[in-house]
């Protein structure tokens, strides 16, 4: 089993992005799955293109995208990506789309195809607060989630994809008022637990599910 | 122009629902539009059935649903309804669906078809804090929003529909810790401003838009 | 019975101060007490001087100071004023004392001498969320509370004094993220309820208390 | 130099108290100072008695008390302890004093005598969010801070004392909604940085200060 894990580069004036910091610390083999890593630019359009290109080369079984969610207290596993770009700040190439569909021909949304609830449970069991999120926002994080799910739905529906938002790193919260944050090691623990849940869910399905059963809503 | 405005009954141990309290205070004619009111039970399934039945009888041009969002600071206009019921507490008939699609055959989501951003601007201009929300949750509020948009998409696509969440009433916040709240009169001002924006947007479209132009993503 | 009610002028970039807006709407006779009003500059030193000067001229029985507390959800009645100025922003005359005692010879703190808990109960009964606060901060609000209590302790110990913080007005919260706010009318209701509690507590004490009983800690 | 560091036992339904967990991980020698540790019961009265008894036996130069502050985002160094017990929940021996002075003969408050601002700066430099707090609440934490400062003021004014509040541990936040938390290792880093600042401030004063200079307000 091959899992492609992506993390954004820093944006919005931050010097680091916890998502990419987590990537650098991840084990390359988790629960028997081979992990490959990809840094993604915080840029509308380019982010999706870079991940699709990696999917086409590496042919992973699962794509797990990670992003920073300033202001969140917990690790949150996203339930859905929606067909809209609506940016309050410019991305790293100064694009700031307002109320623009990601694909005017695409459906309004896609549910993540990873086991969202099982991932949340696994993260909590590993000792880290986690919950399901029903919105990935309308900035580049949601853009990438929708873009990848849209691509996979058309081109490789057997590949699962999902998105995990993580809080700011502890050092990013210094000097910000009432800003929740989390240590890097804790985040790495959480992401590895989530990946283990993905692997475990896939192997269960592989052994117990009848072939060609219709795809269910994910979570 | 006819606008059907709906509000839920109390749930989750509250004695009032600000949505229904607002309804009782609304003017019956706003910016030339005729307002009709409907109390809706906080019950999965029944809520949608009751609103659809009213739509079929009254044939409104717009359906504006209002609900309580404990913990929110502002009046929020919802951008999207998603195809999932996932209830942390039971509804008023003790249903508590977990991760259940609202319609297993339905699309993942519908965007609201009212002018979300214009409504937010109008509410702010009326002196009340407001913002766009990207999630109506996964309880009865989202259920009703999705259910009505789903029905209208199939049966009456010319009818617009949207959902506004309002904070707790001031008196509901007494004894709760750090719970944002808002006065009833302020909420009524906000909803009337939002309705005025809906009316104004419809008349602009009616006079300037070419017929049969394709429906755009809402907001 | 005469009550002097004070409210600050706007500071920190705001165009209004809810405290002064409340003053303008207050009844001039509340529960039989005569209310006089005083606008106070948001300036270290001058604020205390202006209130002391009014006390000396008007000889009130109670001084009730009102100030704005951005970020608070409720009306809060302050329990204590402390002997320190420590300003994160400059006052309205560009003073920004850091860690400076208000009076190097003064005690570390004074408890408010109004009935804090009874005022909180009365505000809640009037339908408005309220709680006791254990810190008035270290800006001009605390400075005034400490300064007035310090003056009264030495010069007129029979005069009661207290401080009430109120949230931002609804219109001040527009465009701020997750900022609690409250309507003006609600705040006026709360302050009048608090004043009624002060009056009622004074008359009870006047009729039931033995003379020369030692002063108790206030709240 | 000898520093007595105290931490409370668990209370309020929690299974651990981060304060005591931090104690167990602290180095016993920090910046040349000898650290001794003391677990303190979360009980009005007994907590103060136990710390005073340790002070009398060990004769430390500094007493640094540590407590849990659920809901805080940062490590906070307390500026002041106030002369009031006002408990929203019972302590571990079921005492729940309401609006009771700690010592009816004592002053309204004492400022901490450790270098509060220098400690905050040192904690931030160590990579951990920190700020000054102007209230230690009115439960056992404030009770202990006031009680120890009161004892030292009368009996050993050369001994410095202060209080640091720490957030919940990460594992305590699981299942709580929007609850900030922090990793144990991060907290240990913060407390060791704060102690280093205390030691460094004492040695600077020892070498540069004229003898018998009057005690200044602490922070």
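Chains here go by letter, A, B, C and D, matching the order in which they are written, and residues are numbered from 1 within each.
Just so we're on the same page, contacts are C-beta pairs under 8 Å (C-beta built on N, C-alpha and C of every residue); 3 or more make two chains touch, one makes a residue touch a chain.
Note that the coordinates shown come from a computational prediction; the quantities given were computed from them, not determined experimentally.
J.: Can you list every chain in contact with both chain B and chain C?
T.: none
J.: So which chain is farthest from chain D, going by the mean of the CA atoms in each chain?
T.: Computed centres place B farthest from chain D.
J.: Find the geometric centre of each of chain C and chain D from their Cα atoms only, then give the gap between the two centres in Å, rounded to an integer.
T.: The mean C-alpha positions of chain C and chain D differ by 30 Å.
J.: Can you give the whole-Å distance between the Cα centres of chain A and chain C?
T.: Measuring from centre to centre gives 49 Å for this pair.
J.: Please tell me the distance, in whole Å, between the geometric centres of chain A and chain D computed from their C-alpha atoms.
T.: Here chain A and chain D have centroids separated by 40 Å.
J.: Using the touch rule from the top of the page, what residues of chain C touch 2 or more other chains?
T.: In chain C, no residue touches two or more other chains.
J.: If two chains touch, include that pair; go through all of them.
T.: Chain pairs that touch: A-B, A-D, B-C, C-D.
J.: For chain C, which residues are in contact with chain D within the complex?
T.: Per the stated touch rule, the residues are 79-80, 82-84, 86, 99, 101, 104, 107-111, 117, 132, 134-135, 137-138, 217, 219.
J.: Note which residues of chain C are touching chain B in the complex, please.
T.: 73-74, 124, 127-130, 170-171, 173-176, 178-183, 185-186
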